[in-house]
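Naming follows writing order (A, B, C, D and E), and every chain is counted from residue 1.
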Amino acid sequence: GCGSEANTENTAPKASDTLIYAQGSEPRGLDPALVDDGESAKVMSNIYEGLLKYNKDSTKVEPSLAKSWDVSPDGLTYTFHLQEGVKFQDGTDFNAEAVKFNIDRQLPPQVTEDMAYAPFVYGSVKDVEVVDTNTVKINLKAPSTPFLNNLAMIMAAPMISPKALKDNNNNVNQAPVGTGPYKFVKWEKDQNIVLVRNDDYWGTKANIKNVIFKFIKDNSARVVALNNGEADIIDGIDSTVVKQITDAGNKIFQAPGMNINYMAYNTSRKPFNDQKVRVAVSQAINVPELVESLYQGYSEPATSILPSFMEGYDKSISQVAYDPTAAAKTLKDAGITSLHMITYTNPRPYNAATGQSLAEAIQGYLSKVGVQVTIDSFDWTTYKQKLKAGDYDLAFYGWIGDNGDPDNFLYLLSVDDPTMNIALYKNDEFNSLIAKGLTTPAGDDRNAIYTQLEKIAADDAAWLPISHAQTLCAYQPNVENFYFHMTGITPFAGVVKK
Amino acid sequence: MNEVLMDIQNLSKHFIIDTNFFGKPVAALKAVDGVSFAINKREAFGLVGESGCGKTTLGKILVNLYRPTSGKIVFEGKDITSLEEEQRRSYCKDIQMIFQDPYASLNPRMTIGDIIAEPILINNLLPKDQVEERVIYLLNCVGLARHQRNRYPHEFSGGQRQRVGIARALAVEPKLIVCDEPVSALDVSIQAQVLNLLSDLKEEFGLTYLFIAHGLNVVKHISDRVGVMYLGKLVEIAPKKELYANPLHPYTQALLSAIPVINPKHKKERIILQGDVPSPINPPAGCRFCSRCFKELDDCKHNEPAFREVSPGHFVACHLFD
Amino acid sequence: MLKYIIKRILMLIPVLIGVSIIVFLIMRVFSPDPAPIVLGQHATQQAVEAWRQANGLNDPIYLQYFHYLQGALTGDLGTSYYTKTSVTKEIMTRFPATIELAIVAIVLASIFGIVIGVISAVKKNSIFDNAGMLLALIGVSMPIFWLGILLIILFSGMLHWLPSNGRINPLLEPIHVTGFYLIDSLVTGNMSAFKDALQHIILPASALAMYSMAIITRMTRSSMLDTLQQDFIRTARAKGIGEGRVIVRHALRNGLIPIVTVIGLQLGSLLGGAVLTETVFSWPGIGAYTVACILKSDFPVVQGVVLLVATIFVLMNLLVDVIYAFLDPRIKFSKKEV
Amino acid sequence: MLLEVKNLRTEFKLKRGIVKAVDDISFTIDKGEILAIVGESGSGKSVTSLSIMGLLQKPGRIADGEILFKSQDLNKLNKNELKKIRGNNISMIFQEPMTSLNPVWRIKDQIMESIMTHMQISKKEALARTIEMLDTVGIPSAAQRANDFPHQMSGGMRQRVMTAMALACEPELLIADEPTTALDVTIQAQILELLYKMREKFNMAVMLITHDLGVVSEAADRVIVMYCGKIVEEADVRSLFEKPLHPYTVGLMQSIPQIDDESEERLYMIKGMVPNPLNMPQGCAFSDRCDHSMERCTKEIPELKEVSGRKVRCFLYEEGGTAGK
Amino acid sequence: MKVNDSSNSNENMLQAAEYVEKPESQLKIMWETLRQNKAAVVGLLIIGFLILIALTVWISELMGKQILPYDPNYSDLSKSFIWPNAEHWFGTDQLGRDMFSRILDGTKISLFVGVAAVAISLTIGVILGAIAGYRGGKTDTVIMRIMDMMLAIPSILLAIAFMAALGKGLDKAIIAIGLVSIPEYARIVRGSILSVKENDFVQAAKVIGNRSSRIIYKHILPNVISVIVVRATLGISSAVLDTAALGFLGLGVQPPFAEWGDMLGRARGFIFTAPYTLIFPGVAITITVLAFNLLGDGLRDAIDPKSRIK
């Protein structure tokens, strides 16, 4: 138990001073270098800041702790000019040394295997130089176009007080100290995390004094909590409860999400090593109908792997069209009558309806074209293991974008790791285009590469892209200015409660 | 004069009732403690004594239900104490038992016919096709009707059940039957029926009985010789007439005098014993009866009296007769 | 008595070792590999291997067990793979919530169960008896989680009377003394916190109590019917004392003996039932957490929890036996006293 | 006259039919008298005593009759009035000493409860009286044993505790329901001796229920013989044993092996069994076991008639009967 | 009551004739007593009805015929969440499957899992309990200590761990639920054997020369069987509840099997949109469990051990 000011007061603080945000599960921790989950991101985005941040409505980068930056023409050196007079919440100074400390921590030889995002964000970094108190230089091993975008991420990139890290054994999961608008107060396991306004914040101070993150696992329980006045904002809801929420006078927040929900064919073995069979199965499935009834308008049917707002997206790309008759014929000719499908039991951010329902829906479609599907569904841990084992014809998965760069989506089809490239797709042409895209500077040329990659993927039909889930939140009518960024973070500094 | 059927030599049974942490016994209950006597062929040997004095335990040792702690049982000249399981079972045919509680001694899930047939079948005494006939015969012997063969025990009264128990014991044509208080649980009017039946059968089949009871009046009626037990030990043995006419041991005397007489005119002099039977776990040193005895001598507290023959066939364990 | 208790406590050791072996086998031999989930979506194959090596998962199973036992004996139950916090701490932060819930539930169940059971027995075959028994029957037949959801829908969703989840409004949270909010808030004189905690606990405790209450009601009734048949009740009545006294002082005092056993056993099964209740009510206890950890293959935590719960269970049994001896003077711990 | 029972009828309504456990019995008990009730198992002895005490449990009920205790009909009293008499003016000891004491109460508490219910005295005085009573009934070192639980005592001791409890309030009538049946002969002798002494000491009346004729002959002044819920014979103890009238009484006496009977003959047997209470014969309940059964016996139920100062229920003793042969 | 002989009067007449009564069947006696217990009869009727449904569904499935109004696993997304109406009595679920058909289909699964799980725990439990109870001594200690260990872990946690280890599936659910309730049966059987063993008739059986094995199966087990039957009946009800609990936690059967607990677990997300998806499976579970409880209680009264053996 941690003591806090709240303890000694015998009455609840005024409701307008407190914002209660209910989410589905508990963060793994609050050390940005050590966690990789979306639930942590929401909390951390209020405590920490990175050198850069994303624009409110897109993934374009903007200054944050760095006022400005220069990139050398060869794309190997990045120089950042830092905000002056910024202090960490523990009173220590934020400066170039702190930046170096934070990045060095995640570079070899210091990096440890549990720093999930370190290779992703800093994998291209050679070293960090302190130029002066407020200037820092980062040298890369090779040019990497997504690097700036990475520095705005909430994983790995935020700046932690070096003192706190030293005090806490290089792990601030339970004792985060950043520079952000809210300070960490306490964390009751399985219940809530309490933050309080950082009154010494260098930028515009937050409006609401207390922020509480509550963890309510069950979706409908969160709705009850909202309607019962136990929470101000809830997330992770699905389409079926929208009416219930609006009927109770509460509001819905809806925004496009940076994710993809897909079904993968196991291209490494029969029968899906044959592109024609893959296409036939895709033809059997009426994706728009499926998405409409499973997600009721709160997910968009996917026409491409990339969400429509991302660089590289092209309207002209389309997936295989619904044609059950053709599908039935091809499948019959290929002699396919039964298939083995594996899926996960829980809802995922990109699939609120659970993998199981999705699988059953697809099972329904395939039975109409004469293919019997057996489903094995597993909890998430086991599922990942089953994916690794590779014993399936069809499997379900999804991806949530990390940094808004198209490479972040399309590279999945190029890697060897069977838990990422679950279609076990292998295409040399595709792989070399991916490598090229990584080093090409941002711009139309680069975007063209990704459009090309999308086309290859669609033609080859290694995946059946199903939907892009919208971010769906609900909030009390007296809450204003709430937004949920497409990278999955919820900065509360600007939120007002009447 | 009489041929000995069973000779019981210094028989003891100690129940271990507490062990220490390592399973070593630390307290024993001496239910039967060094008992010796002989049962003659075709006699009824009565055994009386108060509740808990070890009568049932003794009977159960004789029918192999308990292994004695020490001592010897010689049956028809053969030592049957330390036989292997298989051989022991072969003696089942010879020694049978009738139990005290007619309600608990019959398997409630078997018909009485099957109960009686079972010993015949498992001992292979008769060819299968003759078993049924024999069952009916036995039923008739104990005064039950043929048509009742397929009824279950719960459909019978206590006296009738006791008859079934008797028929079961008779089925193997035993030589010795241990009757453990066969009438204690029965009503007076039924008691007489069962006692008469037992006498009749004894004559008819030439049986030998060890007849256990806690009342001297019942034993008197049926037995030829009577033994009196107190706290795991025999205190007196005598032929029936001798014992009732001339009881020697103070306990026997008290026991006899305690029996109410059905004759209001003859109010006899009562010996009322003080206190209760002590616990067999820590029996008093010396004579076991001395804590309740009305003729206590100095010796009694320290020395155990020997069991000696004071007149032909009359044995007693008391310092008064040293 | 003391000797008996010591003997019993010594006998717990093999039981607990057995329990740890059972769990160890289930978790480490048959369960999925935790590495990929611990290391997250960008982990490489090497990282996974390195992690397994570092956590000793590549050792032979008996060695793993030996290391575990070694740690456990020195009070170190290991570190959660997932949160990297010590298992002891993980458990201890959640345990009071479960215990508080279980205790409130068992108190509710016992009070209602005994009262209804006694009245049913005394007024055998009356309308009250029939209604009480029907209630008890439904109580043992309803899935606890379903009941929980129905309660939430009714009292939170429709009537808005009671909160649907959590233990307390975090801003009202009392200073931690015992970890039981109801007690802590009273001790610190924080009445609004007490009220809030009470409101939070009512629904989950009722859902959890329902099954036990039904069992206790039925047990009480049959035990009382049994006792009321006994000869000594007739003796008591023959003394000319009031019927109320006969029932409470003579019958209930004796009838309580088997009821105590049932209550003791129920407390054990409540810890199991908490798994479902906590899931439904987002109660921050050990039950729901353990399920999550089982699904995440967080071995150290699951082993720790099971060991703890088993310890509590066997200690409860011991306690029940001691209370039993207290209630029933016929029971002796040593047969020597016979 | 202390107690007068008039035409008492007690029934048990069962699903399978009505058991007339006590069927129209009348008798009286005088001050200081010992009245024995004999009969075999199921003849209604206990039910009679429970009816008097008002301790019948469902499904039993008193269907008819009066129970006059000092001319007050106990059956018509309300619960509270009855409680005042129960345990105070009339007490009872039961058949099973092993189960009739509350196993979880110390014996002193059980006795004190009785005393304090009926006497307005302090706890201390009640305890003193308890120990005194235990001493009276012959429990050695009573003050210590008072702290024992029932299971720590032997059967005989428990029966003595029961007696002490029953006598604690100096009742005018003691009902003893088979107080010695479960005990050994030597202990039985102790208890009977005790009852006798207590009767002398407190001058109370005793209703002694038993099925042992020996006990009756030793202890009672007057005897009632019951068979199947009815009184079949009533007499003072001497004349009953001298010349039993009813064939059932006769049979009962002859079927018991006698300690001073030197004959080696077979015992006399009453044939058959007690009839099923749900399926009573039409006429005399004993008719199908009786050696003297007549045609009339199977059709009509005989009345309890006075025969030379005693009462008997048998056609043999009616006018024109073959009795007195 | 010691007297129970209604044929007393005509006994002599019959004795003369060569007449042997037919044995009165024990089952018949039990049935007669059971029949008097209204609650048990209701339970029996419900169970009969449920079995009838389950068998009909199963047999028609084997014969490839469609007897339910709809294929319980046929999903038609265009019909998702239709409220109960004349066509879909219990409405449809998220995937447009007919709830009524699924509930009926679920009867089959619940009964099957219940019975099969009890069969497992019963078989193993009875054998272990019988050995422990009859042999006594060291064997008893070892067996019962192991049972104690299993009992010390809450059975639902143990079942969850089993399921997490073994994976989802009907067969695995049966094994998990069956395994975790072994100790209960072992304990009950052992306890009953110990008490039956004390009866004189067991000693009598020894005296007439029976072997141990025969004593166990001929004299002891038949007298313990009633206790086992009662326990097994009640055991089915708890197995049905446990199955539902596993299903609810998403650890039950594989989709698209219509298992009630699984249906409940999924319906949880739709308590507002489609509350009926939550009500019907819950009611189905409750009724099934209730029926077995009613029957179990009735059986217990009918074969009340007090009336037969001590």
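Just so we're on the same page, a residue touches a chain if its C-beta (ideal position, glycine included) is under 8 Å from a C-beta of that chain, and two chains touch if they have at least 3 such contacts.
Labels paired with UniProt names: B, D = Oligopeptide/dipeptide ABC transporter, ATP-binding protein.
Computed from a prediction, not measured in an experiment: that's the story for all the values here.
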Seminar exercise, completed: For chain A and chain B, the touch-path distance in steps comes out at 2
Exercise. For the chain pairs C-D and A-C, which is connected through the larger number of C-beta pairs in contact?
Worked result: A-C
Seminar exercise, completed: Looking at Cα centroids only, farthest away from chain D lies chain A
For this session: Would you kindly tell me how far, in whole Å, the mean C-alpha position of chain D lies from that of chain A?
Result: 90
For this session: Please report how many Å separate the Cα centroid of chain B from that of chain C, as a whole number.
Result: 54
For this session: Round to the nearest whole Å and give the separation of the Cα centres of chain B and chain D.
Result: 32
Problem set entry | Mean-CA-position distance for chain E and chain A (Å) | 48
Exercise. Where in chain B do residues touch two or more other chains at once?
Worked result: 157
Exercise. Which positions in chain D touch two or more other chains at once?
Worked result: 41, 273-274
Exercise. Of all the residues in chain E, which ones touch at least 2 other chains?
Worked result: 2-5, 164, 268, 271-272
Problem set entry | Of chain C, residues touching chain D in the complex | 230-232, 234-243, 250, 253-254, 257, 327-330
For this session: Provide the residue numbers of chain E that touch chain A in the complex, in ascending order.
Result: 73-78, 80-81, 94-96, 164, 167-168, 250-251, 254-256, 266, 268-274
Seminar exercise, completed: The chain A residues in contact with chain C across the complex are 1, 3, 6-7, 9-13, 18, 28-29, 34, 36-37, 113-114, 116-117, 119-120, 171, 173-174, 188-192, 194, 210, 212, 214-218, 221, 224-225, 227-230, 379-382, 384-385, 388, 417, 419-420
Seminar exercise, completed: The residues of chain B that touch chain E in their complex are 60, 63-65, 89, 92-93, 96-97, 99-101, 104-109, 111, 118-119, 122-123, 145-152, 154-158, 165, 168, 171-172
Problem set entry | Residue numbers on chain B that touch chain D, as the complex places them | 50-51, 157, 159-160, 187-193, 195-196, 199, 214-218, 220-221, 244, 254-267, 270, 272-273, 275-277
